[in-house]
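See the structures that follow.
The same chain A turns up in both complexes below, where it pairs with chain B and then with chain C.
What follows is the complex of A and B.
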């Protein structure tokens, strides 16, 4: 009896230790992230993206300087935090990357296939059998451009418009996709992002219907992944999550990808945009 | 031609604080591509920093330095408005030189 009581005492004395220990770990990870932020190579991508925006390319030998990202032709400042949004000329809701595809086609004269080629930078790309994502040392015009466009919204408030019926439709579709479970693992976005305090190894996973978590998640993509030595965009984030869930491949700039991004953007509304950030 | 470096140089007390981001693959030579062939090593070997004709930092690097390296250091003897020149040379003989003006602190 006495031993039991002593043991019980030890156990209760130990219990409170766990929570602070985990908080310390999170704080240390946070400190590590801040140290990394100073040396964020995303800046190199942003610089290239800015050059690319002004460079004459494609069959029409034109720059993207007249590309309309939603705030009028050529307006980049603050455009990213107001995306995805409805565009009348294409009659669809578009995020930054799908809009860039449109501009590359209409202004520069590329075909849609050409504009969509190499949407993600190649080095450190996930192990997949199908191109166009793999290939070592492969740079992505799309990634560089989106890095710069996102950087022009740094410090601003995430405010996706929700006034057009198609924007609301995209949000609803995104929500459905988020909760949709399927595939060999019966997985869905919600499996990892529906509960508080979940992790994959040391990565804390955001709970997407918690505004703070969603703001932090949405507000830090695009991000430079130290482990991959590459800058990764929001489209890549969607594509990679879908791949990890063993779903069929998410097509780059597809309506499904944009719907998911619209859903996340709305969930993150009111948060501060700090991307391109740096990630482990 | 390699991409330009991003250099920030400013005064902190009586020292010049320099932060440099270099765009470089820093390939170790140990990785393999999708078809199983080794990716040739490609990395920065020498980094030299000069200020007013004087070498203030000289480094020999190898494959253990990360992709897109970040270099952060301080040196004495610089003043606002003066130039800092940074060069690197890699194992393929490619090189890049950039300079920055020291900002006040």
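What follows is the complex of A and C.
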């Protein structure tokens, strides 16, 4: 891990450089990515997440082993690729993270605030230095758990359920949010993810209405981001794109975040889930 | 992997578009309004009222891609009425300053220092000078922009106007309305005009 951290730090330091250096950086990251295929740093997060799942925590001193992620209490295998989905006990459509919040509250006795407190991991060289969720050396229970839960769907087909009316409503709301342009830059998700083969600087942008692009976009998160030396979740990806859109802050595990993820999951339906993957 | 895949496929008999119980438009719209209220919070300079749409934003969101007949002209006319040119009458500043502004991608994010002027993030979307290879492609290439069009007063006005309010000439443009929305100052825009039009600018070499 030490080596990964150091390397990631070097790569991050190189990122703001101008053109030729950036080309080199991308090549370097690609090479690094190849190297990592053998030992994806995400595995460390997954292992910690599995431990956390089984560890008694919180005021009720209970583990999460009875947590229902949609396939019945305690079933983790294949759960992630069938999320977001409707849950009768909360009467809400939930993604992996918001469901974990529910389980931490009901099973372990945490308050909602406690369960949501530290949603994103942040060690190494966080790109957003003022992010309260990212401090050097800060681990995130939430991120570790999601890494593990996602890994238990690796190789499976993305298949979010759409039979409940609230699932369809979440999808439709997500679609509308995707096209919602606002703020001082007039951005909507569609500004950057509405056309094929576009880039911001050198970063390729998936067109979310295109199944292949959406499958790659949805199927690779959570991901270990080489440029940050950190594992990031889909909730983080939404939070980060919203930040770049100059919108106010997107609340972790909020209904809007879940609606967007529902929209993306549906667009990615039928694709193979390969996360936690290695990202730029 | 094989058994898992089959199992997963077994669960995916789904319909969205053709479902009889598809949520109504007003239901979905209500849900979105609710989410916009409940899911975002003011942080730093990014206040919650940024999510309120103006007429152009609302129209462009509702009809993404295909505006109803006549709507483009209507938007462009309304946006043209917002155009303001520098009172000095001078539209061309210093291309070197322009290059710095075009490179800078910061500004207006809740993690940005509001005391620092915003950048133009032009390279995020455009090829501009030949030297900068790290450019985006959401907008057209602007390399040789001035060489191809000259730097007449009409071209200066068009360029200033495009940066000030892109929708004055292209309804629902993907390019931010930098001047109208108060992202870039008059002076910053004149530097960008120079970057694109000054014969000495690397853009036109």
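What we mean here is this: the second predicted complex is superposed on the first by the 235 of 280 C-alpha atoms of A that agree within 3 Å, B and C clash if a C-alpha of one lies under 4 Å from a C-alpha of the other, contacts with A are read in each partner's own complex, and residues count from 1 in each chain.
In this text, a residue touches a chain if its C-beta (ideal position, glycine included) is under 8 Å from a C-beta of that chain, and two chains touch if they have at least 3 such contacts.
Computed from a predicted model, the values in this text were never measured in an experiment.
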Report clash or fit for the pair chain B and chain C bound to chain A in the combined superposed model. fit
Mind working out whether A:229 is in touch with chain B, chain C, both or neither, as first, second, both or neither? first
Quick one: classify A:266 as touching chain B (first), chain C (second), both or neither. second
Between chain B (first) and chain C (second), which does A:179 come into contact with in this model arrangement: first, second, both, or neither? second
Does chain B (first) or chain C (second) touch A:165, or do both, or does neither? second
First (chain B), second (chain C), both or neither touched by A:44: first
Quick one: is A:72 in contact with chain B, with chain C, with both, or with neither? Answer first, second, both or neither. neither
Dominant contact partner of chain A by residue count, chain C or chain B: C
Closest Cα approach, chain C to chain B, once both complexes are overlaid on chain A (Å): 12
Chain B - residues contacting chain A, complex: 3-4, 6, 19, 21, 23, 25-27, 31, 33-34, 39, 66-68, 70, 72
Mind pulling up the chain C residues that touch chain A in the complex? 1, 4-5, 7-9, 11-12, 14-16, 19, 21-23, 27-29, 31-32, 34-36, 38-43, 46-48, 50-53, 56-57, 60-62, 64-65, 108-111, 123-125, 131-138, 174, 176-177, 181-183
Chain A residues within the chain B interface of the complex: 38-39, 41, 43-44, 47-48, 123, 134-137, 226, 229
Considering only the defined contacts, which chain A positions touch chain C in the complex? 18-20, 22-23, 77-78, 81-82, 128-131, 155-157, 159-163, 165, 168-173, 176-177, 179-188, 190-192, 194-195, 197-203, 205, 242-244, 246-251, 254-257, 259, 266, 269-270, 272
